[in-house]
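When the chains are written out, they are named A, B, C and D in that same order, and each has its own residue count from 1.
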Amino acid sequence: MNGPAYASTLELMSGVILVCAAVTLWRRSLSAVVKALAIQGFALGAVALILGIRQHDAVLIVVACLVMASKGVVIPTLLGRVVASDPSSREATPIVNVPASLVGAAALTFLAYGATQPVVALIPTTAGRLVPLGFATLLIGFFSMVVRRKAISQIVGLLLVDNGIALVAFLATAGVPLLVELGASLDVLLAVVVLRVLAAQMWSKFGVLDLDQLRELRD
Amino acid sequence: MTGFQNVVAAGLVAGAQIVTVSVGGLLLVGVMRKVRSHLEGRVGPPIHQPLLDVRKLFTKQRMHPEQASWVFGAGPVVLVATAVVVAVISPLATTRPPLGRSADFFAIVFVLLLGSVSLALGALDTGTPFGGMGSSRAMTIGALAEPALLVAILAMSIPAHTSNLPVLVRMGLAHPEMIASPARILALGSFVVIILAESGRLPIDNPSTHLELTMIHEAMVLEYAGPDLGLVTLGESMRLTLLLGLLVNLLVPWGVADRPGAVSIVIGLGALAGKVALAGIAIATFEVFTAKLRLFRVPELLAGGFVLAVLGAVTALVVR
Amino acid sequence: MTIRSVLQALIHPHTATNDLGAAPAAAVGVRHTLGGSLQLRHVDAGSCNGCELEIASAFGPAYDAERFGARLVASPRHADALVVTGPVTKNMVGPLKKTFEAMPEPRMVIAVGDCARDCGVFKGGYGVAGAVADIVPVDVQVPGCPPRPEVIIQALRGLTGR
Amino acid sequence: MSNVSLVITAAAGSIAAIAGGALPAKTRVWAAVVLTWGSCIAALVGALAVLHTGQSSVLNSSQILPLTGVTMVLDPLGAVFVVVTAVVAIASTLYWLGYASHGLSTRTASAALPLFVTSMLLVPAAASVATFLVLWELMALASLMLVLVDQRRREETRSAAQWYAVMTHVGAAAILFALVLLSAHAGDQTFAAIRVHAHHLPTAVRNTAFVLAVLGFGSKAGAVPLHVWLPKAHPEAPSPVSALMSGAMVNLGIYGIVLVGDRLLGGGPVWWWLMVTALGVVSALFGALHAATSTDLKRLLAYSTADNMGLVLIGVGASGMFAASGHRAIASIAMVAALLLTVNHAAFKGSLFLSAGSVQVATGTRDLDRLGGLMRRMPITGAVFMVGALSIAALPPFNGFVGEWLLFQSLLHGLPTSSTAVAIAVPVGVAALALTGGLTAVAFVKAIGVGFLGRPRSEEAAAAHEVPRTMQMGAGMLAGLCVVLGLVPVIVLPALGRAAASAVPGTPATTLSGSVDLHLAGLQGVLAPALLAAGLALATGAVIALRQLARRRFTPQPALRRAEPWGSGRELQTARMQYTATSFAEPLERVFDDVVRPDRDLDVSHVSESRYYVEKVTYWTSIGDLIEQNVYRPVISAVHWWGQRARALQNGSVHRYLAYGLVALVVILAVIT
């Protein structure tokens, strides 16, 4: 595809990924959060796809399809099941209230922008300039793991971190090797499955999916 | 063309835009009501019903509270006047509106703010609990919407190196990829949130509520009657139309007249009407399926809009 | 038209467009025709709420008085006509007068239901101050206990002229 | 000729002070005022000459001050501040004529006010460390005396004066250190010499001097967290003095920062100006938030002063950052924006404080919750306050709007070309500007709507009537300036351009051009405030005409009926049911609960017969200054604690004191040997 179209679609997809990260902090209803996550997965796949087409790199295209499948379909479906099984599937009282955490996300975005400038200077490509967005996604993921109570939100935060890393990897080093990406995805998939089981058990034990309840496991 | 002809042409364009915004604004409200009632399984009032209402209101008696000062009467007048000014100088049908060179986005925002401030003062002048309640809530929401709005403008202005609206629209026409840029899209996303807040639509405010305690905007105008109320209705519909018009022209500028000439202006007006009507239908449909937010959840929504704008600004910086 | 029928089929099973015939001649005592726009303020002066139910259904999907340009509003300042139901109880005399006074000229009063016209079964009750006409000038009367929505809509169309 | 004017200014001012102190009560005030006007007009003439020609005027004299002598150079930058001070002083002394009968006709006041004005007129002309510090201290002392004028009647005044004295002297100490440090390294105490040596100074010295200067001058400008004296002293001072302090004195804090940072040290690294910008952002937000939530009219105005100075500091900081990253043109636009904001602030805050004083005179209270309905009782004062409030809320067609537009433009155009740190600072600045604008709108809609509109909430407010002419004229003068500056800002912009050029080294003098339109040189930014205003006026006329024409078709009689406001048919409707300033700000208070930390108390008492019937509900709320409580109080208590300990040392016994002396002597000897 030609220059401007390539650039703008790439920027657009990276922007979508970042917005989805913000949406996970914005919305209280976990189902909406999971939807945002699915969209993010697809956008990530799209980024890989665009890069692959741009560089005529078949492996990268395969990776893109895998990413879309795992992060766009499988993981969200699993999480969706958990959410569906939990009637009180809302972040009713996050540790930091929503406006504050959104402002925090904005601050983190600026931080990411400032911190990645040296990296950007190293990679003078269209893709390289977008690295800050991936880094911001990563930071917002960490942040949402910190400020949210529900187990699902924790999983979502982890996935945001992973997506951020993946995006940075794609943009910085025109695509990671297939195996690495596969490994990462499977790794996360495993984590999700484990957490899903844990969540199910918590649900059966305490009837809530609130991490504060885990303290009770201690005694 | 001689200077005189220029002046005449500018006057004609201004008149065309004013008429379109004022009459079209009322029709837009009618369309939105029609869509609502259809989705609720009713026939609903005819589309021109708001026109009939306003015409009748102008023939009725004016009523002012005993203790009210001149500010009460000035409120609706200034509201409409600001809307008219914005209708003249903003690039709705053409990218060359009168005074277009000074049609700065920042200026337009503050002219509209003057309108809402004057209405809030009028509401406080009634000396009733409802007036104060309405203006307090409206001003609070307005204050919280302000940062999102200005940062959104900043995000749109960084790539264009100017905050001049006609230039922004023209750039959209010249470089379509600039519209697809995440900066512009994120900024417009937060702009949508702000439009819902500023024009008192769901989920921020329920325009058709009858319970005073749930009112935001309606509570400010409870005291106005006859022509004053007519002006308020007119002004509010004009503001909604202007905001939507700016939104659609920044999002899909195609159809806007980029060269002088009656034909292209007429086409521009038609395109504007079509685009704004579609936006209005979208909002009305959204409203049917949405519930009103609690007043103290509104800051969350606006903070979301703010974050969208900030992300837009950052992406604009990233890809600059 | 198609959208309408489809959506109504989806959302509201029986059609809302049951034709109520042409607009009747302007009702008695109307001083000014409103050009197809009628804003109403409803006051319950002590009704048993039978009339409220009928008014509600007159504005509901089935009868949909709004398509004739009538609309219930939140403040008497916005209203052209006052819809009063029920016999006026002693406690409601003041508020009813205030509401009437709060309306801008030209203003009308519609007494809906037999109680509003002549106190109905409550006539002579110790808490009843009188019929609506004893408190504020009535322009239109809607008979029935409770009046059928069609009748209410007939009266309203008499004012909107549509 | 303009150095002559400096002499006349000083002379007239001192004579005014003496006259105010010496003459009998009847003539005292008039004499002092007229002579002060003379001093102001002389300064005005000189400063305008400087601004017109761009030539600085120099005055050297070794006789006036012993040892050092006096060195005065009035350059365009200083001239701007002289003009602002002179105009505000003329207006508020005019107001003083009417106000004097309310406790300001004492000898102290009549002597201190001319002294205060004159010292403020001369500070921007001071061109040597000694001259500057002497005049600065004179200004501080005179203003302190004026704050204390009311102390017999109100005891809050004393604590306010204490806060003011401490803060202003800590600030003065910081300034003293900074300037002495510089002059010591320069080997000469004139500013010219310091400027020459500035670039050979070691970096540590430059940084220390600048930080100290920012602290010292920042406390004078009311920059958060050094603002604590401001919301105490400004409300307690008599209103003309508040107007002078808020309209003229705080500006000199800004002048000082620009003087040290740009003029003396010739600009510095980016982090200096990032610091200034951060200070500005914090002040703007904190001030605006407290202005929006405070219910005391003059306290509200004082906090909004902190907010406006914050915006000015954002402008100054932005100018410095752009200059440091090498964009002189945009730097000078930002500096012009900062100066324009200062001029505007002097105009509207002066008129606001003066009309607030009129309200206090007419009703005897500043508590918004006890005011209301004044627009009908005091139409002129109400209109003046309205103009000031709309200007400060940055609404067209008034002057505040142009200033904020210029600031926004400078930030916008400075952004794309600047380094990473700046690129992060600028959007934050814009967000702060926007939120401040919104909160200011809330604050002043509250001030007008609760204070002047609606129904009176107390007998005093109900009995209020218009104040003497001179007071109306004093306030009206500045309000008129708001309108003029809003319509044709180009009358001041060239002068401000020259001032900015003389402030930021190496910037073009003409960055803004145009007669009706306002162009940014070489950038796509145009504003036509006059046309905008004309359009608004035209549209307003057209709308009114439309309303009248439409009414002709059918006119019910009477066409306009005044009726009891609609209260849902409630039988009883009292003025106490209106929203008060407290309830108006309540939603905002909730949103920013973590920042303003209001302490509330709800007390419900039941009737003795049954606990189901409430007898009385008492709701009590107050908002303290978070920074004062969490930063200053601990320090004060610590000092107090040490004071207590120190008292243990001295119990009056002569022997113990002798013992101290002996111990000291022994120690010294031990050290020496």
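We adopt the following convention: contacts are C-beta pairs under 8 Å (C-beta built on N, C-alpha and C of every residue); 3 or more make two chains touch, one makes a residue touch a chain.
This one's a predicted model, so the numbers in the text were calculated from it and none came from an experiment.
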Chain pair with the most C-beta contacts: B-D
Innermost chain, taking as reference the mean of every protein Cα atom displayed: B
Centre-to-centre distance between chain D and chain C (centres being mean Cα positions), rounded to whole Å: 59
Chain centre separation (chain A, chain B; CA means) in Å: 36
Centre-to-centre distance between chain D and chain A (centres being mean Cα positions), rounded to whole Å: 48
Residue list for chain D, restricted to those that touch at least two other chains: 423, 427, 554, 556, 561, 563-564, 566, 591
Multi-partner residues of chain A (at least 2 other chains): 99, 110, 113
Shared interface positions of chain B, touching two or more other chains: 60-63, 212, 222-223, 299, 306, 310, 314, 317
Touching chain combinations (by label order): A-B, A-D, B-C, B-D, C-D
For the chain A and chain D complex, residues of the former touching the latter: 99-100, 110, 113-114, 117
Chain C residues touching chain D - in the complex, by the definition given at the top: 32, 43, 75-77, 94-96, 98-99, 101-102, 104-106
Interfacial residue positions of chain D with respect to chain A in the complex: 420-421, 423-424, 427-428, 591, 594
Contact footprint of chain C on chain B as seen in their complex: 37-46, 49, 52-53, 55-56, 60-63, 209-210, 212, 215, 218, 222-226, 229
Chain D to chain C touching residues, read off their complex: 554, 556-557, 561, 563-564, 566, 569-571
